[in-house]
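Each of the next two complexes has chain A plus one other chain: chain B in the first, chain C in the second.
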Partner chain A sequence: MTTEQTVRSLDDPDLFVETPGTIYDAIPPLPPRTEREAEFYTMRDGEMLINLGPQHPSTHGVLRVVLKIDGERVVDLDPVLGYLHRGVEKICENGDWHHAISNCDPLEYIAAMFSEAMPVMVAEKLLDLGVPRRAEYIRVLAWELNRISSHALFVGWLALDLGGLTPILYGFIERDEIVEMLAALTGQRLLFNYLRIGGVNGDLNHDFLSRLGDWMGNALKRIEDQQKLLNSNEIFVARTRGLGVIDRDLARRTLLSGPVLRATGIPYDVRRAHPYSVYPELEFTIPTREEGDSYARYLLHLDEIKQSIHIIDQVLHRMPDGPVMAKVPRLMRVPPGRAYVSIESPRGQYSAYGMSDGSDQPFRLRIHDPSFFNLQAVGLLMPGNLVADTMAIMASVDPIMGGVDK
Partner chain B sequence: MRISPTDVAQVMTLLHDDPEFRFLILSDLCGVDTGSVMQVVYHLWSDATPDWLRVIVDGLPREDPRAPSVTFLWNGAEWAEREAYDMFGIIFEGNRDLRRIYMPPDYQSFPLRKDFLLADDAARSPGQGVRHMEQTFQPAEYRRTPVLRQGLGSDAGHMAPGIQTAELASGEDPAR
Partner chain C sequence: MEVNDDRPVIQPSVTSGGQPLEPRHEPPAMAADQPSSPQDGLSTTRDDSLVEPIIVANSTWTPADPTAYNGGQPPQITHLRELELGDKSDNARWGALDIIPTKADYVLDLIRINSLWPLLSGLACCAMEMMSAATSRNDMDRFGMFPFRASPRQADVLIVAGTLTTKMAGPLIRLWEQMPEPKWCVAMGDCTTSGGRYKRSYATVEGIDRIMPVDVYVPGCPPRPEGLIYGMMKLQQLIKERRGHWPERHVGPTVPVGV
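After this line comes the complex of A and B, so read on.
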């Protein structure tokens, strides 16, 4: 294709008229490519487009949402992704299975212990590798701690996006204690890189256990404080109850998972629906709510924190002795095959589909991130709401852009 | 379970609606490039069994991979199909919004295909030459095209061919 571009003077009066748009403008400079895009960018009387993000603090990362508004009401919206796309799946194909662990770490950066489990569990399934029981218990312990830190932050973010500053500080206290605890265990605060194919990187140490003991003593009390702070806060309740309601059928059709799905009353939790690790041996319930609104999602997160504390309690009582790593070769040639694994992350079903061609590199490693699908549902929840409430809905669905954009 | 692309709608509807199967939850949808053919892989879950059902739509030609969309059963599959289109170029017929989702809209190649090699690979296997396949260009007419700023009436000519909204079909000018 030949591009005929003439150099134009800045004095040219036509220059400003014909200044081309960029693909980052609210209206892309392309003719609409799909039916949906044509529909979205067709403006009716009194409608206007505004760009929300990609650097808006309430979008929880670098998400851009093109909102079509009529006055204060959101008519439609078009989320634009890809600002954080790193091509993790492609990078994983070009490194070996061990590299995939640290490459998958930053996907769900608030709860990295879950995303880094994906290549590990796929490889273990393909290798048909038994993991020592102590390693499985340590994994569950780390997962549940990470879930609590993520949920504690969720509650804080939700209140922050509604204008309340205090809960985020409490959320960060909780999170910081757990993160320090996991740092004592893994050496990292955020991207742990702790799980290994065949086990975990290191055994429990004294520093971790003493921090855990300190924290466990008043963990439940803290959650109750959190509840007292928000559950009966009139403004909080008024702004979240009845907001962003999803019914069961819509939730199932939009492939939701995690707390967003369970807030609609479907008790779908991968820990029970498709048991993995040592979860079948542990006792816990799956909290559900019927309302499906933001307030139900908030309450559900608090219930799940309590269940996680209950699980941690059991894990600590039942922790077996033994090795934390299976005997695995250093250069791991994974037998050819296909495997699909799935775990319950704080945001829903985190799953991966791995294919191996018998070499030491994954042939294909597909990561399925729950935030991606939950964010898609935001597009169905927002229309009809006020612009100020879009953030409350977004925060209650809690997407993590690292995982959405991969 | 391997099926051909022509059977997708029928098989999926049966699995979804039949009271014995009840595969109501689509866990995952992804594209795969095996190097010779393209595949679309679905993982379904039913409350009747804890196992996943893997449905592989096999044998899509690499030159023109086309598969029917399953958005009529799960409208949440829309983004998953957009992702598979973005990464592999698989065209899902029936998806209302098959745009690129991660890469910029003017991007031309499909990154997760096996013949898309990263720049590093040239260094990894010397003698193969530079195989950096990334090629983006901005067609000149795209940059100059005015968009739907003035309302539909004057802009109908700029719509992509084959796309007709309800307003356009009826000839009504919504701005009026």
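After this line comes the complex of A and C, so read on.
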């Protein structure tokens, strides 16, 4: 196929609007580059392409998906990632290890306390640095609080993407209370920048503890209220039960982790499987579900909130005295070597593989984000479902594009 | 204050070349410049100003329920100073309707600033705080920034919340172009104002004012929800005073060519 090319001046305002083959076109104008592309963009009878994203309220950020639909059923899909690629790993190599903490913050921006732990724990492992016990307990406290705030938002979003506007308001009440509480501790609401190599930035203060005490008093009651709001809602149950079923083979094949994995019945939790920090000293159970559908994932998140409250309760009772920072030099030269750490974030196994060449800067910091791997499962689950249900599947997996695109 | 009349009078008709300059031509009078006939209703002239507002007494409003607002009785709340000092009847609630300045654009601006519909488009971290500003705790609806529309064709304000990457720049301009005039843009967060913590990244746009006009910048990484609400209230003030970008925007692409 040949198209007439007219020569235009650069001042022509229509030049970039009418140029064929821009990112807005679903069908790429070039001949297909791969077999997969050729297969996807070959249309059979009755099929059409619709473009979803990158600006779409239900894609949880800037994910773009080209859906090939037949009627109302999704036949195939072509995900387009990279709309939030900010080059975090490269920026980490240009600053020193302390800068990497704040640079890793926005990766998982709903639960930033987990992503900022990555350079901290890598450097501590390379330095063979012992963290004071009080600092470890404060870390666990902050992690679990952040997990609750993230899970509270998950519940709201799942209902929001199914068309229910009320639960997100309740979810944001929980989230804002916890986040204000953490702001009293760390000074920031969203990107905390609180963990330090060898401890945490500041000790617990009165403002934080009084807010925490107020919140802990009726936290469980509120969770049960949220359960009443959705568990018995007929429409919610009808639209989530049996939707997006992940079996164990698929979960193992696509490297799923976190609540998505545990909803399939595999009790894998990094806190228990590869213990870190002071989690071996704490009592908690790992809730699992057998069904593996969206409804099971929703119930599992509520169970995990209860376990996190249980952990916070123990941490507050066992909080030891002592310093919150180890004695570390201000200019930190990390000995050369490689280290792998992993923790359990609200979305699964958050891990990092760091290399140091002996300078004060990380040589390489590779971040493994669970959202990216959980998003793979979404791509495998969507075909065969209705277009409206694809959003429910995606919301039940709960990806964060900051971590997917890095 | 007296005017000093001793200044030398500049004669514009004599130049160094000795050629007298032609007097400046006034632009031809347009139809809209002429004073309109009183039968034209709301049409105003350019010289018309707000010096003489038309005062419409608020006598048409009567409460449907005579017992509403305590039946016109003074309120029981006694700790509010303005209630003690001011008019104690329920006219205080409707006092704003007593004076209606009837310049049509001004009324339109009042309507615009009290129903700013933002576009529901979150790019990154700041979107969380934007949603927090719209939900229970910090309720943006109270200030007339009500529904977050998912379609750019129904939105007035584009709140760019989060890091703008080079890959996302094209779709964001596309969103901006799809919004109908009048439209405004609020840059939320450090990443959108200047690049912020990703200024030195290879993949980000260092401030969205490189690619589109911005009316209000809200600094912070991320700004608190109160900060966003304050920025939006500043935008309301800006619209009211007609200091935004849109009066000088012409219809058509507002994005510089070559982006």
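Everything below uses one rule, namely that the second predicted complex is superposed on the first by the 386 of 406 C-alpha atoms of A that agree within 3 Å, B and C clash if a C-alpha of one lies under 4 Å from a C-alpha of the other, contacts with A are read in each partner's own complex, and residues count from 1 in each chain.
Simple rule for what comes next: contacts are C-beta pairs under 8 Å (C-beta built on N, C-alpha and C of every residue); 3 or more make two chains touch, one makes a residue touch a chain.
As the structure is a prediction and not an experimental result, all values here were calculated from the model.
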{"item": "Contacts of A:189 with chain B and chain C, given as first, second, both or neither", "value": "second"}
{"item": "Which superposed partner A:36 touches (first chain B, second chain C, both, neither)", "value": "first"}
{"item": "Contacts of A:103 with chain B and chain C, given as first, second, both or neither", "value": "second"}
{"item": "Partner chain in contact with A:274 - chain B first, chain C second, else both or neither", "value": "first"}
{"item": "Which of chain B and chain C A:55 touches, first, second, both or neither", "value": "second"}
{"item": "First, second, both or neither for A:366, with chain B first and chain C second", "value": "first"}
{"item": "Chain C versus chain B, contacts on chain A by residue", "value": "B"}
{"item": "First, second, both or neither for A:90, with chain B first and chain C second", "value": "both"}
{"item": "Touching partner for A:172 - first (chain B), second (chain C), both, neither", "value": "second"}
{"item": "Partner chain in contact with A:161 - chain B first, chain C second, else both or neither", "value": "neither"}
{"item": "Residues of chain A contacting chain B in one complex and chain C in the other", "value": "23, 82, 85, 87, 90, 94"}
{"item": "For the chain B and chain A complex, residues of the former touching the latter", "value": "24-28, 30, 32-33, 41, 43, 45, 47, 50-52, 54, 73-80, 83, 87, 96-106, 111-112, 116, 118, 120-121, 137-140, 142-145, 147-149, 151-152, 158-160, 163, 165, 167, 174-175"}
{"item": "Of all residues in chain A, those that touch chain C in their complex", "value": "10-13, 15-17, 22-24, 54-57, 61-62, 82-88, 90-91, 94, 102-103, 106, 109-110, 168-170, 172-173, 175-177, 179, 189-191, 401-402"}
{"item": "Touch list for chain C against partner chain A, complex", "value": "120-125, 127-129, 131-132, 135-138, 148, 150, 152, 162-163, 165, 167-168, 170-172, 174-175, 197-198, 200-204, 221-222, 224, 252-253, 257-259"}
{"item": "Residues of chain A touching chain B in the complex", "value": "1, 3-5, 18, 20-21, 23, 27-39, 41-45, 81-82, 85, 87, 89-90, 93-94, 252-256, 268, 273-275, 338, 340, 342, 349, 351, 353, 355, 364, 366, 368, 372-373, 376-377, 405-406"}
